[in-house]
């Protein structure tokens, strides 16, 4: 155990946890004021349910002893048994992968990834999903989609990890996974009433920018923390993360201007997030300059990608597909070009660094596997829930808003009516 | 000195400092818009006054050389003399308790606890206390209530510490102490005009959820930082803290549903905080599963506890009693059941872990001692201030709101009147 | 490389990055609601543009091999070449100044300073600068003003550093530099229409207090992180930072009361920031008690300083001059009195600690050099931009607000009109 | 048909609403307004600069009532809204030609 | 000259606006109001405490129109705002003595 | 008695208020409204999607005045609110049957 590495991983766990409220505000600011609590709740609820399920079984499914074929872990760590203290070794984390931090620090760090991944989906299904359906969905999705994919890619025993597919901090496990799942749910739940004709302007962009600031801040833990130590690799991952966000912001704003419009604050925020998404798989495998290129590309590509939804008429309300799915794929594949062993000996060399097409092929495999599994299973899951308890609120509830109908609350009471309410019903 | 441990304690100090603004927003969102600045100010002011008093004398009273009987420290460290550099040893912090971080890092970390403890009280006396009275109260309360209780429980020389009462991060010193003090002040200052009949809906739940996110984030420093090092114990404390918050959120929401209502966002936020409160004394002494049980219990119990105020007609405006007093007692006593030496050798075994009733008895003593001292002294203090400068604003000021009457400010100017004001009077 | 020190510097880099959103909210809350996005954008944009320029050339100009005379660095580190891994040594960082962290960690940490410095200027030119002009200004200013001044003062090869001028975390480089630049731009761009007669009340003080909380939190990374290690010096810097903020808050509030007014929340926030500014150059060179004195002085002096603008009729909208320029000068000069080698052997003894006037002289030189260079070059830069693309929006745009005219966005849509917008134009 | 308009203090809205209910008034429309009058506003201070805010927050109540009921409605409002402090507000009546209930198209008295 | 005032549901504003445009109405003034009437409000719950909110959010539309056009304007609003649900709102006419366009000082019909 | 209603640009409120004060007007009630008319709204863009906002923010001023003073009040408002730009707004008069000062119960002229 190294105290410096432990300090860094613990801080990183805290930073990643903080990202989920950040995401809630990022999304919450973009919805109309009658739906903001519904959005915040869908995100905060993940901090509750996902955490407990993680302790009960999901950590074990993802990082427990492989049941064979690198498909999923066993339940040996169910209830987080056998993990107290510093002694225990996690399966696969030996040799060059040996942890220098207490296992529970790793458990906590990985947990925060599991919390935010389903939360990413909330942006796509904004304003129309029943809270009860969301609660059920999150629990099941975590077990049947997140756990296996995390095992495949993150666990050294996973079949994709073993084939040499690289994902430093969750390009496939987090972003592609959530992004394509979002698409699946959107296709099942359908469009918001009035979309796209009716105006649905963000109700508070300052709230969205607050979320952006928190996400950017927390993402240092997300990516640099994935070095699992406080070392030169973590420093490289941190600067790569920052540079990609910065370059992506500039890229997005540039396209806005080129298309003859204004540089918008929502564009700056969206661009930064797109860059953070794209650099996630790459953070610890590429050099600084490559990170800038990857980020810039993400800013441009994601801006164009979010226009797709109008062409294909799917209501990805807050562009989870355009930013996380497309950005995640972009990053995972560009890693096939920009990976550089000089940065990380445990990585590989990409096409541009003399590694040929080998890595790109592995990346394609990982992307494809994640897309197929996550989309298929999520689609069936959404259909099943829709067929049973129903996914969607009634038209009247949708018109009145999620805040009052799902949570019996109003987000704001800024006026000073004495009668904003009366005790008792 | 260990650099990793020092890094962790410094970060933890920063995280705990960040909790006070977080608490301000948590509470601030719950009050009406005419009182939000009053609430924020009462909290931020603690960051100012408490810090300076800490440097002048309070740290020394709490952690200085015991004057005898484990009741209070001397003034040897007044003005934080003799603490620069890494050499000095703090009284009692020897042997197994020896610090591996610079004394000033410990001073800063402990200071942040002293800042937030009185701040917790603001939730109970919301909307009706004169700012001047609050300022006076905080200064005196810190010296006559906080300093001794911190010495009893936290300092290895303290009489409760010596008897083996356990409090990992402030269940008694922070939560019971502030919670019962809040009750005392409420009994002296009386109810808000219009309570409980008149509606007093939260003016901005997004602000409250922002506070919740910051509190959850900062609490990792609060509890895991109390390990005073970056090690397996800190990791255990961190995951316990998180799991308790998560389980408590689920517990609270469950009760809301069981009672036939909606799962509310304020409920999710309140439940999480209740869990964080209850796990505070336990974080470094119990296993992960125990933390989940403790958290869940807190979510259920605190929800029920806050309904008491309507029965007994005391206006604990934002439920400091129901959450911090009840949650703090719950956690401190459950520690008597769930404490496990396998987790922390410096701890003890609770009833369920073969330790018999011994620990539970010590916990009861610590709880009782804190309740009696804090309630009695705070009650007298509040009475004294009320008798001299007066605790409460006038009815007209209460109607107009604290923001304008106490601080000559308006929280929001969202409309775009040219004439929201004119220079000069 | 020390993992603990690395952990601390990485965390500090993250904390300092978080300060820029914090600053955006601190300022954004103070402007009218029609200009809040313009303000947030000017700040967030620095996170984008400055970062990329830093990678391309500015880090190298500031910390690269001196081109002679200690005036500026060469372009050897352009594109952040040669900095990956832990091997490389930065010019001047040898012997007592040798880094115990990966060079990229230092690069990232210093970058965050470069991001927030121009962002500080936005407070002065609020509500009236064209976004395109701001974008151009930031890029040029970073190269011609920030880079050289950072080299002079921070790089061990810099001419002011060599003469023994002390600046622990940026009193001259960040605060005086940005503060006097703000004055220069204000003199060129002129006053807001309606100032000072027309009321321009803050549109959201809770947003400003959020910014204050984030700034205070992040400033621990700013100042204590400048110890570049997790050690007793960092602990001293952290507690000094906190104490100065606290004492300054009290100082500011005291003056408000003495002048017969109310203690305001904006005053508490402003005071805290003034204290943080003043202690920045001193944090690692003075003792705790000195920090309290410096902070208190800053609270009082800065309050009085911001009244100057009405006398001299320059519209420093949000008091960048009064707080950052005056506070920065105050701190840099008081360091000449309070510096104490007992705190930091690499520092010096000030007048009050037996060092005579030597240090004060050096501090005066550093202050003067920064004032002259920054003011002159910034003034010419502003004039040049004004003469070419124009600095200022049209009167109609100023009346309508920056949000709609510069960014085609509205900050808030709290009402629930179906028609807050309609697709297409 | 008459439109009874009242400007009252926000914290009086509940009392007025309940009084009107008791009177049997079926509906009303309420909005937030800023008032200027004998009652002075207040002073705000930001960083030492004083602003005078001349306006005080009020609530406007509008009630459509039959000609014969209107005076009674006004009287009830006056009673319920009164605090005997400067700034209590005003009540006035405006003639209305014609009212329609959107849902049913009913007009006049039936539309209320 | 008449002032046509309508209280409608917020989400109906677009339809009404478009309908009036088609009718050739040159302008209107809109504001947010809270309504109380047959349509009940909703219940909110904070930490187990129930609040009843009696008011429902509505929008007020005001249109100055010539005497002869006014009824038609009202009719069009009723049509466009109708959902046949309780709470659709009201439309009424008030006589106006005199209108001036601030910019030009034009009065009466020309001021519209 | 008349109710003078004016729709003006928000940034003109101060001038109008001061002008009315000078005229000796004792009180007024102000509220925020959204206007639709000759003056076009603006366009907003979110992630590449354009929204047209037809409404422009305006302020409504309402002043109760004696029949003989009303025209003068209107005239003063028109003067003070004028910028000669499209969108300056309107002023109109509505007959009022009866005004009561809540505090005192005074009616008619004395209620102002």
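The first chain written gets the first letter, and so on, giving A, B, C, D, E and F; residue counts start at 1 in each chain.
As a convention for this text, contacts are C-beta pairs under 8 Å (C-beta built on N, C-alpha and C of every residue); 3 or more make two chains touch, one makes a residue touch a chain.
Being a predicted model, the structure only gives us computed values, none of them experimental.
A.B. asks: Kindly point out which of C-F, A-E or A-F repeats the C-D interface, defined as over half of the contact pairs being the same residue numbers.
C.D. replies: Answer for the repeat of C-D: A-F.
A.B. asks: Report same or different for the subunit A and subunit B interface, where same means the shared residue numbers exceed half of all residue numbers found there.
C.D. replies: Under half of the interface numbering overlaps between copies: different.
A.B. asks: Per the definition at the top, count C-beta pairs in contact and tell me whether C-F or D-E has more.
C.D. replies: D-E
A.B. asks: Using mean CA coordinates as chain centres, what's the subunit A-subunit C distance in Å?
C.D. replies: Between these chains, centre-to-centre, one finds 33 Å.
A.B. asks: Please report how many Å separate the Cα centroid of subunit E from that of subunit F, as a whole number.
C.D. replies: 18
A.B. asks: Distance between subunit B and subunit E based on Cα centroids, please, to the nearest Å.
C.D. replies: Measuring from centre to centre gives 51 Å for this pair.
A.B. asks: Any chance you could list the residues of subunit A touching two or more other chains?
C.D. replies: Within subunit A, the residues that touch at least two other chains are 2-5, 7-8, 11, 196, 198-199, 201-202, 204, 210, 214, 230, 261-262, 264, 266, 408-410, 412, 414-423.
A.B. asks: Listing for subunit E: what residues touch at least two other chains?
C.D. replies: Expected reply: 11, 14, 17, 30-32, 34, 44-46, 49, 51, 53-55, 94-95.
A.B. asks: Could you please specify the touching residues of subunit B with respect to subunit C in the complex?
C.D. replies: That would be residues 1-8, 10-11, 13-14, 17-18, 20-22, 24-25, 28, 36-37, 40-41, 44-45, 47-52, 55, 79-80, 83-86, 101-105, 107-108, 111, 131, 135, 204, 207, 210, 214, 230, 406-416, 418-423 of subunit B.
A.B. asks: Which stretch or stretches of subunit B touch subunit D in the complex?
C.D. replies: Residues 198, 399-400, 404, 408-410, 417, 419-425 of subunit B touch subunit D in their complex.
A.B. asks: Give the list of subunit D residues in touch with subunit F in this complex.
C.D. replies: Spelled out, the residues of subunit D in touch with subunit F are 2, 6-8, 31-38, 54-55, 58, 60, 71, 74, 77-78, 81-95.
A.B. asks: Report the residues of subunit F in contact with subunit C in the complex, numbered from low to high.
C.D. replies: Touching subunit C from subunit F are residues 11, 14, 34, 42-46, 49-55.
A.B. asks: Sort out for me which residues of subunit F touch subunit A in the complex.
C.D. replies: Going through subunit F, the ones touching subunit A are 44-49, 51, 53.
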